[in-house]
Each structure stands twice: as structure tokens, then as C-alpha cells.
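In the two assemblies presented below, chain A is common to both, partnered first by chain B and then by chain C.
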Partner chain A sequence: MSRFLLRRLALGLLTLLLVSVVVFAATQALPGDAARAILGRDATPQRLAALRAQLHLNQSVFSQYGHWLSGMLTGNLGTSAASQQSVSSLLSGRIGNSAFLVFVSALVAIPLSIVLGVWMAMRRDKLADHVGSTVSLVLAALPEFVIGILLVVVFATNVFHSLPAVSLIPPGDHAWQHLNDVILPAATLVLAVTPYISRIMRGSMIEVLESDYVTMARLKGLPERTVIWRHAVPNAIVPAIQVSALQLAWMAGGVVVVEFVFSFPGIGAALVDAVGNRDVPVVQALTMIIAAVYVVLNVGADMATILLTPRLRTAGR
Partner chain B sequence: MTDTALTPSAAPMAPVLRQRQWLATLRTALGFTRTRVGLLIFVVMVLIALLGPLFAPHSPTEFVGAPNSSSTGLFGTDTLGRDVFSRFLYGGRSVLGLAAAATAFGVALGVAIGLAAAYAGGVADEVLMRIADVFLAFPQIVLALLVVTAFGPKLWLIILTVAISHSPRVARVMRGAALQVVERDFVRAAEAVGEKRSRILFAELLPNVTSPLLVETGLRLTYSIGLMAGISFLGLGLQPPHADWGLMINENRLDVTVQPWAVLLPVLAIALLTVGTNLVTDGVARASIGVDRS
Partner chain C sequence: MTEEPRREGLDSPLTRRQVLHGALVGGVSLSAGGLLAACGGGSSSGTTLTSSSAPAGKLKYGGILRVGATGGGAKDTIDAHNPTADTDIMRVWNLYEPLAVRPPDFGPLEMLLAESIEPENGSTKSWIVKLRPGVTFHNGKSVTADDVIFSLNRITNPKAPMVGATAIGYVDIKNLKKIDNLTVRIPLKFANAAFPDDIGQYFIGIVPVGYDPAKPVGTGPFMYQSFTPGQQSVFVKNPHYWQTGRPYVDQLVIIDFTDSTARVNALLGGQVEAIDNLPSGQIAQVQGNSSLKVLISPTGEWQPFTMRVDAPPFNDVRVRQAFRLIVNRQQMVEQVLSGQGRVANDMYSPYDPAYYSSLPQRQQDLEQAKSLLKQAGHAGLTVELVTADVFQGVVAAAQVFAQQATGAGVTVNLRKVDTGTFYGPNYLKWPFAQDFWATREYLPQVSQGSLPTSPFNETHWADPTFIKLIAQARATVDETQRNQILQEAEKLEYDNGGYIIPYFSNQIDAYSAKVGGFTPPKSGFPLGNYWFKNVGFVA
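Moving on, here comes the complex of A and B:
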């Protein structure tokens, strides 16, 4: 088993390294010179030359990549071309906000999906199951910004007017100090991922409910509640945990559009702003962060599956 | 809008060989109510997108009244005073066209990579799948934004990027499906008579994986619509004064309280389009597996 885990980890690291090459190469294609982009058109040649030296622009592409990558690894993310501030100080608060948003969403979505999945499996092919599967098909089809805007229309403007349509979190404050502003973005993410997790849970639960040992437990006269929650769910939950990790990874990208809908001050909205301003250092840092989260959670999903499945856990011994 | 397919993946089954797999799958799928409902919604939305401009009372860029008025025209005017209904009728073509192009390129590329990896096996397979992993590490929208940063909002580049971001996802599924065909005797026979490699891929393997291909195409079309509309919604795709459902939402969302239709019409149109394609895809996926299980 540990050999497989190590191999998975190594592949993850290799992927991240290649991702960094792609991110760096993509932004190298930008026409013009970064020093001029920062200093503007009427910069003196001396200042341009000084900044080029400071940014290592006069060195080869490979050594520029080396400087950039070591900066990434040590938390020195460069200077924003738009605001002249250091990228890490610009993003530190926003990373916390996005992490909080994803954390809250996952905290609601994962248990909710598992309960829904179990419930639909127990009522397989009955009305509740059909309604559940249709609703989840519809929700899964909707792009996340469509879900977000429909929530805004229903809860923030025309129908109920009970929640803020855009986040009014002042710069410097943290999202957890303004929970009201977190509800709608989090609800959007919850609605976007719940169909996927609950559907997998339903399928896996149906399989377990048909197995011999569940029949045995029932025949033994165990109360149905014990059969379901003590015996069936722990075995059915492994695929749901894996898909939950994948959905968490998806949220790293999903926050981009959702944060934009609600003007939520996280990394997603920051990325959209930075792309609009063509603020290359910020875009580089954010795409790297998002891709890293994505890779780490994917590796985590695989590891969780191995550790939670007894058959795989003992396979390599 | 996630990568893990909601619809059951169609790979694991003994492939039905050489029988116009996709036609049989489609026929079974059309027996399900949800497929028919989905198809109906999809066809209606496509007709609106394609023929809408013929029925528009105004030009999409013409100023017909005061901004955000609800008395002018059927659904009022938008935030700049243009006719909402006309912009809605014009705004579907770009969403649909961009999504269809990205889907076509992405699926074609993915099929080629997936089949080649499955057939070649060994090191080539390993290398192709590792490259696929690198592109899978970017959420699709993030990859598109990276390209927009480097090259600006050029439409063909956005189509290409979305297509490229689809391809590893398609390739994985097609590789999985093709691996079960590669070992069959008729492939060996084709090799023995010296058929060209490209012929083996596209004339021997491809006809036997058309059923998962159909599912994958439906799934990618659903996601493409969301991605293309989403990129325009972020203001990084189609640029004003173009009439586009995604862009319309971006332009009018701050006035949603006074003029909800300018936002609701395009939102509902995108929603119906994606729900339609997803219902059809789900029906096809069920038909290709034959079991109600994910």
C-alpha cells in the first residue's frame, strides 16, 4: 500500500511542477515587457533598466522561471502590476475568505448529500427517489452563476429581500465576521455540489442494501435504524468520501464565478479582476494556488479511498 | 457543473460490436420520458437561438427608450435603453455557436488521444495520461482565464482553450472504453492484414465505442454552454455591444431589482438549454448501461 501511496504522491508533485511550467509559459506569451507594464509609458530608461534587473527580465527564460518558482515556494509571490503592492499581502486575506466559504459550503453539503443519498436509496424507485433524481439532474445541469443569480433574484431582491445580494465585507475584515454575506455564495456552492455527492451515495447505498450481510442483519432482527446507520452506511460511504474530495477540488475553481456573482472578496473575484487588468503576477499566483489545491485534493481523494477500503489497504502487504 | 460525471459513466460493459452502437443507444434512450422532455426543451431553445433574430422587433444595439423602463416593448429596456426582448432573441446564437465549436473540437481531440493511448499502450499511454493530468489540474474556467490574460479576449482562442480543457476528460473515458476493444480478435486480424494505424483507430476501434462517445459529447456540450456563457458573464468573452446571453446578465445584473427581465430572460434561457442537454445525456447514459444506477 505505501508504495502505491508514494507513487501517487510523486505523480502529484510531478503534475504540480508541470502545471507551474504551463502557468509560466502562458504568461510569457504576453506581448510587451513587464517592467514597462508596471512603470507606464513615460518611465525613464534608467528606471526601466533597474526594474528589469530587479525582476530578472534581463536573464534567460529558464533562470526567470527558476526565480519565479523559488519565489512561489517561499511565499514571495512578486509585486502586483496593477496596485504595486506585494501579491502575498494583497491575497492573504482573500485566501482566508475563500477557504472559509469553501469550508462552510462543504460542512453543509457533505452531510446533507449523504443523508439525501441514503434517503433516496431507501426509497428507491418510489416518488421521493424520482423527484430527488430529477431535481439533482436539473441542478447538476445549471452553471453555478445561473444558480447564484436565481438565488439573488429569489432571496435578495424581488421575492423575499432577506439577504444581501452582494457581499459588503469591507477590506481588512474577515468573511467570518459577516456571516450574512456568506450565506448566499455558500448556498450556491452547496446546490452545485450536492447533486453529485448524493447521487454517488445513493448508488453505493443501493448496492450495499442488496448485499447479503445487510439481509443477514435484518434477518437477525436488528432494528432498521441500526441496520442502515451502523452496518450499511459505513460501507457505502467510501465512494461518497472520494467524490466529496473531488467536489472540494472543484470548488477551488467554482469559487471564481460564484465570488464574482456576489462580489465576495475572495481569490475567485480577485482572479477575475486581475485577468481584467492583465495583472500577470496576481494571475500567476492565483492559478498556481488553485491548481495546487486541485491537485492536493485529488491526491487526497485517492489516498482516502485506499485507506478506507480494507481490500486496497491490505493489497500491497 | 463538475467534472465527475453525474450521468453514469458508460465505459464498463462488454461492447456490442459493429452494430451502430450509438443508434441502438439513442433508440433506447428515446424510450425514456426524460430524454424526450430534454430533447423537446433543447430543440425549442436551439430554434429560439437560431431563428430568434428573424422575429426580433428591434436591432439588438438600437436604443429604443429610457434605460430600465418596463413599459417599452414586451420585456422593457435594458440598462442602456436597448430592447430586452430583441437582445434576448439575438443573444442565443453566440452561446450556442461557441459551445458547439468547443464541444466538437474538444471531443474530436479527446477521442483521438484516448484511442491512440489505448491502442499504443505502454510508455506512450503513460505519457499521454500524465499530460492529461496536468491539464486536469486546472479547473476549466481557470485555464480559460489564464489564456485570456495572456492573449486578451479572442474568441477563437477561448474556443480552443475550452476544447483543450475538455480533451483530457474525454480522452480518459474513451481510453477506458477502447481498452476493452483493443484486445478483441478483429483488431488483431486488422493488424495481421496490415491495416494502417489510423484505420485501426478510426475504422476498427471507434465504431465500437460510439455509445460512450455519445454520452461524453452530451456532457461536454452541457458544460461548454455553461463555460462559454460564464466567460461572457465574467466580461472576459464576448465584448459589448454584442448581444449574448452571458454578457446580458453581466450588463444588467446590478439593476436586477428595477428591471428583472433583462437578467431573468437570459438566465432562464441558459438554464433551459443546459437542463435540456443534461436530460438527454442522462437518458443516453442510462440507455448505454441499461441499469438505473450510478
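Moving on, here comes the complex of A and C:
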């Protein structure tokens, strides 16, 4: 099993390297450069030349990439072209805020969807199941910014005025110091991912409930509670874990849109801004982080699957 | 969003009556176009003006004013001489001050740090600036002639030219002369009567000798406390501000918003007291809320179509004339601006006393356009129009134009690019594109965009008679005489120029009824020139 994991990790690192090359190439393919983006309309030839020299944009593409890669390997993310601050100081607070937002959302969404999935499976084809399925389909079909805006209309601006419409976390403060500002964005993410996980959970739970060993357990006279939570759920949960991992990874990227709606000071806004500014060091750092989240979550999900599946768990021995 | 530093220029605002008249003239062409019924086309420019200039007596001192600003990001700056985005411009207006500036109503140049800016011995080739005595910087140092010389040198430094470098590029920097502690002589490389307007701009703020943007010091009504790019800036009241009784509030917080929906939501949710650039689609929603107010002002801002007069097919003046006749201007105001603007006549600088308002309003005339194109050998012409989201409504205007052009048998292929591409290496080279400009007087605008030496001459306009007239006007001190010369120049552009100027757009902002003191900004700078010194909580 450890060999399997090592191989997965090595592949993950290779993926990250490839992503960095592709993203770097893509930023180079974008028309214009950081100097032009920063000066915008005021880009007179004199000002462009002065700023390009200041930002080292005159160097060749390869030396720029090599410079970035060697910095990355030594833990130096470089300097943001747009703000002239170090990338790590620019992003550290934002990464914390986004991570907290995703963490809180996952903490609510995953248990909630598993319970919902089980509950719907047990009431299969009854009214509750139909209502639950319809609602989750509708939610899954709505883009998350629509959900976000609906929540703002209901809870912040038009119906109730109980929660802040935008998350104005003061610079220097952390999201966890302003929980009020996290509620609506987190709720948006929860509503966006819960339908997927709960539907998968419902599906696999229905399959398990029809299996022979559940019938066997029931025939043995075990209490229904034990049948469900000891026998059925552990077997039904594996597909849900894989989907949860994918959804979590999606959240790391999808948080971009939600942060935009709420002006939440996280990596999403920073990424959109950095692409607009052609701020290559920041774009690279953020895409690396998001790609790393994907890789780690996938490896993590594989690990969890192995641990929960006795056949796989013992295969390597 | 607005990437352009807005510069301004000379005198006297258009009267309300003229504004309404313009709208009415447009109304005639509206029925001719006939396409408007669907748009409802009710409110014309200027009629929904919400004036809020609450008398100063009604405001109380104290409180924290939070303002939601458009855009902002990692490239935000607090440098006095390098403002690019709206948020930068907002900061600069409140921390620093130039020698003089056009007030929000675009009336005569208002003296700030200068007491006077006069031509020396009746020649517009050399100017004497007398400073207001007793003004101090935020660090307590007095403002002197040395600071003026330092600031102008910093702006035009050839190694790192600032935003203002092009506007005052003709100042003879090497020969700036301190006459006494409060007097400076500013010689120019050529005579220019518009010099006070060129130097009287927000990005030519006076900073102390040795200025360091990391510790920003100016003379403005607010002093720096903190600044986080892309998030917020916190400024505190300058207790020694030279204008007595200002500012009202103790603290000013400027908050960046990349998304306009979030900005409006912050206002609706009471998290900010004012926002700039309210999307016209949301006017009704804000007006329906009794605790909020909408600030609508006509401006001299224009978003032209730019035809290169030296590139085919536009090198034939008949094609340019035909294209100007294709536009149904009133329809454009309704469809693109939801009525928040007024019809223009292919000329800029409507508030300049030299504005040639008696030239006939150009109307849509598809037959005439077709016949001009036929004469030019371009019947059934196909052109490419390059457009980008550089200013609210620009892309929509391109779409409306393309649709109107079909009436004259012209096929307009839209090529929408992102802003980076638009202002990329091909900027100022597109044969047919769009752009946007701030409210400015005629001569300063000409320096920016209508001479071969201008930094932003999109149309490559280089008419020899025009160039001669401009040089003549710049050297003319007498205003009446100068304005006559300028009208001749305007007539040339009106007849043969490369701009299609369909409308002047309105500036729309919103604020909470808890605060007051905003003046409708004809200047086009949101929230009354961002002059938060005049804003306070209602007593």
C-alpha cells in the first residue's frame, strides 16, 4: 500500500510540474504583459519601457520560467508584478480565509449530505424522497452565484437584514474572527455541493439496502438502526467519499465565483485580479495551490477508500 | 474599471436648458428611427437629477464614512502621481492636492494650493504661480516653491515618467525658477493658454521634497493611516486642513469592489454609506428605497467610435461622413445607456465656452450615407469594428451601431477583445475601434488626442490647417478671440474628423440618506469629484 501511495504522490508532483508549465505558457499566450496591464490606457512607450525594465519583463520566457521554478523549489514564490509585494505576504492571509471558508463548508456539507442521502434512501419513492430529490436537482442546476445572490436578497438586503451582504473582513484580520461574514458564502458552497454528494449517497445506499447481507442482517433480527449504521452505511459510503473529494477540490476552485459575489477576501478574487494584471508569479502560485489541493484530495480519497474496503486494505500484504 | 486618468480642461457649464434641448432634438430622430418603441424611452438626461448638495449647516462633524469603490486589485497604488484605477483616483483626490482643479460642476478652475496662476507679462509661454500662504503638509512642513519644483520634476522624470508626464510634457522643466518661497516661474516650450488646466489636474498633486509613496504625505483633507491593495484604505481627518470647517468626518474608509452587484449589495445592506458608478439597471431599485439616494449628473464624458483617417476605407472623408450619418443617436442613448445620457454632435468638450453649439445637430440619414458610400466606391462595404469592455456601454454601443449600419447596406463585423488586447500593441492602430474620454476643455483634450504629437491620437487626425489653428489659439491670451479660432478648428473636426461621438453619458452614483454634501459631478468624477471633505452625516 505504501508503494502505491508513493507512486501516487510522485505522479501528483509530476502533475503539478506539468500544470506549472501549461499555466506559464498560457499566461505568455495572453496578449499584453504586466506592464501594459498595470499602465492600462496610459501606456505611453516611455512609461512602458521604464516599467518593463523594473519588472524584468525584458528577459526571455525561458529564463523567466527558470527563475520562477528555482524560486519555487527553494520556497520563494517570487514578487507580485502588480503590487511589488512578495507573493507569500500578499497571499498568506487570503489563503487562510479561503481555506477556512472551504473547511467550514465541508464540515457542514459532508455530514449533512450523508445523513440526507441515507434518509432519502430509506424513504425511497415516498413523498419525502421525491421532494428531496427535486430540491437537490434544482439546487444542482443553479449556478452557485445565483444561489449566493438569492441568499443575499433573502438574508441581507431585501427580506431580512440579519447578515452582512458582503464579507468586508478588514485586512490583517482572519475570517475566523468574523464568523458573521462567513455564514452566507459558506451556506452558498454548502447548497452547491450537498446535492451531488447526497444523491450519490442515496444511490449507493439504495443499492446496499437491496443487497443480500442487509437482508441477512435484518433476518437475523438486528435492530434497524444497527443494520443501517453498522452494516449498510460503511459499505455505501465509498462512492460518497470519492465524490466528496471531487467536490472539495471543486470548492477550492469554485470558491472563486462565490468570493466574487460576496467580495470575500480570498484567493478567488486574487486570482481573477492576477490574471487581469498578467501578474504571472501570483497566477502561478495560486494555480499551484489549487492543483495541489486536487492532487492531495485525490490521494486522500484513494487512501480512505483503501482503508474502508477490506479487500483493498489487505491486497498488498 | 476606468483605466484612464481623467483629465480636465477650461470653462462654463452647459445650462440645464441646453441639456434638455439636446434631448429633445434627439427625440425627433428617435421617431424617425422608429425602433425605439420597445425601449420605452422615458426619462431623458438631466431630468432625473437628484441634487443633494445639502447646505453645510445641516451636516454634523464626526463619524466614519465608508465608500464602496469600483474595481481595485493588487495593482492599486497610493502614489500621488501614479493613479490609474478608480480606487487610486479616489485616494489621490483625498490625500493630495494640485495647484488648482476644476470643481465638480466644471465651473472655472478653482485655486487650491495656488493663489493664482498667471501668464508672465501677457505671454502664455511663461507662467507665474503664487502659492497660498500658510498651508502645511500632513507632516507639518510648510508648502513652498521647492515642493512645486520637486513635484513637477518627479512627474516628468524621464526614467520613470508618471501619469501626468504627457499632460505637462511641454513644460520647460530644466528652467523652473523659484522666485521666492511662495512664487515659481514655469516656462513652457511653446505658448499655451490652456496651461492652468493642464497643470490643474488631480494627478499633478504637490508633494514635499523627498516624497516617499511608502509614507504618503500630502496636503489633502485626509491623512494616510493604512492601505491594503485590492481591499481597503483608511484615512483620518487632517486637523490642520487649510479650508476651514472641512472635512466633516473623522475617518474615511475606501473599500474596493470588483463586482458591481456586491458594491450595490453593500450599500443596500448598510455596510457602506456611498458607492460610485451605480449600474443604470439598478437605479430603480435604489430609488425605491427611501433610505438611499441616487446622484445622477450629466457629464462631458464621451465614448467615441474612432475611424483612422489614414487607413482604408476611412481615408476617404466620404466614408467617415457616411458613418456619422448612420448613427441614430437617440436610439443609442436609450438602448445603450437606458436613457442616462444626452445626444452629442461628433464634437467633444461640451462645457467649453468655445463649444460650437450652433452647428446643426447631425441626424441619422441612411439615404445620404448610402449615396456617399456609393460615390466613394464603397457601396455594400464590410468593415471590422474592434470593441472591448473598456467603459460601461461601449460594447453595447458597438452592437447597436452594427445593427444601425445594416440600414445603409454596411456590414459591421464586431471583434470583441479583452481589455489587455485592446490596449495591447495594436492600440492606436486599429482602423475602426472605440475608446472613452473624460470631461475636459477643448484645448487640453486636443493635446491629449487630436494632434500628431498627442499621446492618444486614435484617429491619426493630422490636418495641417487644424494644427495651425491650435498653435494660434494657444498663443492667444484674449479669450473671445481664442474661442473664435477654436470654433474654426472644431468645424474642421465636425466636417472631416475621424470621431463618431454619439452621446455624452451620465454619471450615476448612490449614497445613504444618512449622509449628505455630494454635488452632482459634471466633471465625471463620481460622488462630486470624490471630494469627501464636503461630505458629512446629516445632523
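Miscellaneous remarks
Just so it is clear, the second predicted complex is superposed on the first by the 270 of 317 C-alpha atoms of A that agree within 3 Å, B and C clash if a C-alpha of one lies under 4 Å from a C-alpha of the other, contacts with A are read in each partner's own complex, and residues count from 1 in each chain.
We take it that contacts are C-beta pairs under 8 Å (C-beta built on N, C-alpha and C of every residue); 3 or more make two chains touch, one makes a residue touch a chain.
Predicted, not measured: the structure shown is a model, and the values here were computed from it.
Applying the stated contact rule after C-alpha superposition, one finds that A:260 touches each of chain B and chain C.
Once chain A of one complex is fitted onto chain A of the other, the partner contacts of A:164 are limited to chain C, with no touch recorded for chain B.
When the shared chain is aligned, no partner comes close enough to touch A:70: not chain B, not chain C. Contacts of A:152 after superposition: both chain B and chain C are touched. By the document's definition of touching, of the two partners only chain C reaches A:269; chain B does not. Look at A:47: by the touch rule set out above, it reaches chain C but stays clear of chain B. In the superposition on chain A, A:283 makes contact with chain B only, not with chain C.
In the superposition on chain A, contact is made by A:18 with chain B only, not with chain C.
When the two structures are aligned on the shared chain, A:90 is found in touch with chain C, with no touch to chain B. Comparing chain B with chain C, the partner in contact with more residues of chain A is B. Within chain A, the residues touched by chain B in the first complex and by chain C in the second are 30, 149, 152, 157-158, 165, 260-261, 272, 274, 276, 278.
Those residues of chain A that touch chain C in the complex are listed here as 30-32, 36-44, 46-47, 50, 54, 80, 82-83, 85, 90, 149, 152, 156-158, 161, 164-166, 168, 170-172, 260-263, 265, 269-270, 272-274, 276-279, 282.
Chain contact summary for the complex, chain B toward chain A: residues 1-4, 6, 8, 34, 130-131, 133-135, 137-142, 145-152, 222, 225-227, 229-230, 233-236, 249, 253, 256-257, 260, 263-264, 267, 270-271, 274-275, 277-279, 282, 292-294.
Taken in their complex, chain A has these residues touching chain B: 11, 14-16, 18-19, 22-23, 26-27, 29-30, 125, 134, 136-138, 140-146, 149-150, 152-153, 157-158, 165, 192-193, 195-196, 199-200, 202-203, 206-207, 243, 246-247, 250, 252-254, 256-257, 260-261, 271-272, 274-276, 278, 280, 283, 287, 290-291, 294-295, 298. Listed in rising order, the residues of chain C touching chain A in the complex are 3-5, 73-76, 84-85, 158-161, 163, 165-166, 226, 228-232, 255, 257-259, 261-263, 265-266, 268-271, 390, 417-421, 423-425, 427, 455-456.
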